[in-house]
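Labels A, B, C, D and E are assigned to the chains in the order they are written; within every chain, residues are numbered from 1.
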């Protein structure tokens, strides 16, 4: 394991939620892997820097960034107005939506069916922002907040919650892994975009990072990584 | 930081503190009698029961409460076949975990209390014609309770502090709201407030037990 | 008829034979003093009478009923009604520390006797007065001196109206200055013709109050007789040796 | 579940256990002497120092360790001005939290140990011409250590179990990897394995202290 | 010249005047017995001599140096070299429980004396032999009887080669059977002309061994003299009363 603060200037410490498949998660060998992991590795290489991934508690990500213990938040990090007040964002690199996932056999078919139901989501995530912004929030029975999406999905499977508000990218991955367990209702809560978060005031790093991202996008590396994980080029130009 | 801000921070934290206090009360009210049953079990003449009691206590005291909570909240429902009947709501599951764990600690305390009671108390009771039940309820238990009181007080304070573990099994309590506020407002205040709330609770509890001890000092 | 008849009592702890063959009678109104060296089995004998020890052989008859007959105990139901005829006072007093003096006296009668509450209350205050502790009625035991504790223990035993009262070294745990008050209470009981068996090291008390002295050694009764005879003219060497030793010990004591 | 699978689960957990053990060792090695200094502080003749020591112990024992950890890991860096110098790497910060917390508990243990030492020991030493330092190091400390040993053993086992709190401040240790594996494989096994690892550690520790106690029984 | 000269010693604990005006000398080779009722200040007086209590007024001269002169103590540096001339044996023995018998003897000399190690070792085994405990050399104190512990404590004090040895009721914490062996050792020290001050309740010992007896009461020295004179023909009523009381106590003791 490694949890060192970037001692040498050349290392980028990237804070990740290591239970956020397929962007950053652990494979059967407990190795960190995922789209964002590959993308960040390639970017760092482009920048001529070494990279360290630091698993963090998603609840504390902005605190971690502002404390300087990590250099970047990069793990399906949704760009929101609120967060823009606290961190600097790169241009969006992937589009996503917050969707409602339920068990395949559930009779929840549309947003209004959430009336009186228990809904799970990741604490302090954009899913929680998306739900708050929707009028249905007033009607759901309770909102259970989890440390990560996997726990929320686990509880969905166990039956403690009726639905989970989750990133489309994430649930797509799980649905491809475990066919027939989940379904996503047609109505989506809110579209959104992922960016990389940099500490306020560190415009220099942001510029350097954005330059590398643009280059990767231009030379096709980004598209290649996207195809590896999503079977298509989903990179935002 | 404006007063309104502080109020905004404190309100959810006080609600969280209610969960803390509720868990504490449920756990203590259930764990004390369960612990006493466990004490009886390990003193049982039936070897199997005594052995089981010892193993249980050993297990509970040898592993972290947090692991036990994760096991009950997230693990039990995964058991094959019976798993689906093990789905408890998270707070209930957490209560169960606390009760099962603390029962083991209370059992040890009561065992110590019983050991400290002089054999003469049993003999005097017998010679005076009291039966086993009368001896236990009228002579032994009141003394055991008195002897165990300081240890129970200690354990209760620990229990209050352990309620913070709810944070890790995603039951929103005091710490959860403190952490949320810290991440939102980038200020350390919520932690300080949480600390003060915990201190108030543990202090109240300590005073209560001090009073109880004085109340039951036989002189 | 003897109120207590002990025949051929035998008791071992594992390989250790503690009571080998104990036989004696106690007549109503007798005061029996049991003396003998440490480890001779005095306490075990006394404890057997109230079934705090289970004996291996022999008989114990209390009034007209057998607690144990030729090694066979009475039915469990009857046991406690037989031992209820005897009260016992222990060396360590064994008061209930969580109850006041008066509660100590009343606990057992309230729980076990079918008797109106005010009769119990009347008796408890009479008995407290008798042992000279009326003013300590609401005190907790740990506020009492050793001598006061032992007097409460005696009153507590008397609350059950026993036919026989057993004492196991009632003054050994007391400071010398406090033995007197306890012995006084016991003397007054003797004067009221209470039947008593007293295991004791207080030779003076045995001489003065007992009308029968039993000398035990090594699980046997060696000699028994009236105190004048047993102390004045012991028949056996072992008795003489014991009596000599306990006299000389007295002198060796530091002030 | 295949053997290969189990190996896959166990390997990261054992790595996590190394973190557990490392934290334990660092914390105990640092907290014991610090605790002793604290004991000296609360026995100090300087009122201010004694008062500070008491307040410190009260604070540490009255609030949850988890809150203290969150405070040190996430709170301190948020302090105005000095905050940026308070950014410790997460594991270091956690160690600091454990050390500061356990020092308070050890201080209480040592205080009890010193109280249990007879005044005669000091007087005999003085009359034999030993100075304060000699008395402390050659007469008092060895006895205090012996008296405190059972309590130290207890506290150490608690410390091992408290290392599970690293889970909550996102230092990847035993429980973190157990939870990861549970979520991935949907089986309860990793919790069981974690439990066994904890039991092994606490058992080893208990045996070690039993040996130490026997070793230092003066008869 | 007196090896110890105590003049006008005064000591209060808060409002309680414990030593009011204590004056006496000890000549080399004297054995002084200090007797008196409980609370009369005997222990406080003795403890003052080795600076376990800080006195409020008066002087203590040890050989040619003043520990305290008219209430003013010697310089801190000198204090311990002056008190080092005196050894003390306590009622509760106060052996170091974590050290073996031989380590108890050698700890202080090793730490404080500039003396070759083998000299220390030789002396420790000599002294153990002298108190009859050569075979207990490697035992820990809690394996010893009270009498053995006290003999070790005496040997430990002697290791420092004191000019004067102080004893504070050295046998009061012992079972009567064990006092003898300690008194024997003390007697043999007296025969070797060790200077000793002994606070004691053992009148027999005082009579037999002491050549001066001091009777203290209520912080005063009431009477002092040769034992034959003080015990046989006490001059003051308080002395008489005390001696009578301690005789009568002896008789009241139970065996």
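To be clear about the criterion, contacts are C-beta pairs under 8 Å (C-beta built on N, C-alpha and C of every residue); 3 or more make two chains touch, one makes a residue touch a chain.
Remember, predicted model here, so these are calculated numbers, not experimental data.
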{"item": "Chains in simultaneous contact with subunit A and subunit C", "value": "B"}
{"item": "Contact pairs, highest-scoring chain pair", "value": "B-D"}
{"item": "Greatest separation from subunit E - chain, by CA centre", "value": "A"}
{"item": "Furthest chain, CA centroid comparison against subunit C", "value": "A"}
{"item": "Averaged-CA centre spacing for the pair subunit E and subunit D, given as whole angstrom", "value": "46"}
{"item": "Chain centre separation (subunit C, subunit E; CA means) in Å", "value": "45"}
{"item": "Mean-CA-position distance for subunit E and subunit A (Å)", "value": "83"}
{"item": "Distance between the centres, which are taken as Cα means, of subunit E and subunit B, whole angstrom", "value": "55"}
{"item": "For subunit C, residues contacting two or more additional chains", "value": "none"}
{"item": "Overlap residues in subunit B, where contacts from two or more other chains coincide", "value": "74, 78, 168, 179, 182, 186"}
{"item": "Junction residues of subunit A, two or more chains touched", "value": "60, 63, 66, 151, 154"}
{"item": "Subunit B residues touching subunit D - in the complex, by the definition given at the top", "value": "59, 61-67, 70-71, 74-76, 78-79, 157, 161-165, 167-168, 175, 178-179, 182, 186-188, 191, 194-195, 198-199, 202-203"}
{"item": "In the complex, subunit E residues that touch subunit D", "value": "50-52, 80, 83-84, 86-88, 90, 92, 94-99, 107-108, 111-112, 140-143, 156-157, 160"}
{"item": "Touching residues on subunit D, where the partner in the complex is subunit A", "value": "8, 11-12, 15-16, 19, 74, 77-78, 83-84, 87-91, 168-172, 176-177, 180-181, 183-184, 186"}
{"item": "List of subunit B residues in touch with subunit C within their complex", "value": "118, 120-121, 123-131, 134, 138-139, 142-143, 146, 216, 218-219"}
{"item": "Sites on subunit A touched by subunit D in the complex", "value": "1, 3-5, 18-19, 26, 28-30, 54-57, 60, 63-64, 66-69, 150-151, 154, 157"}
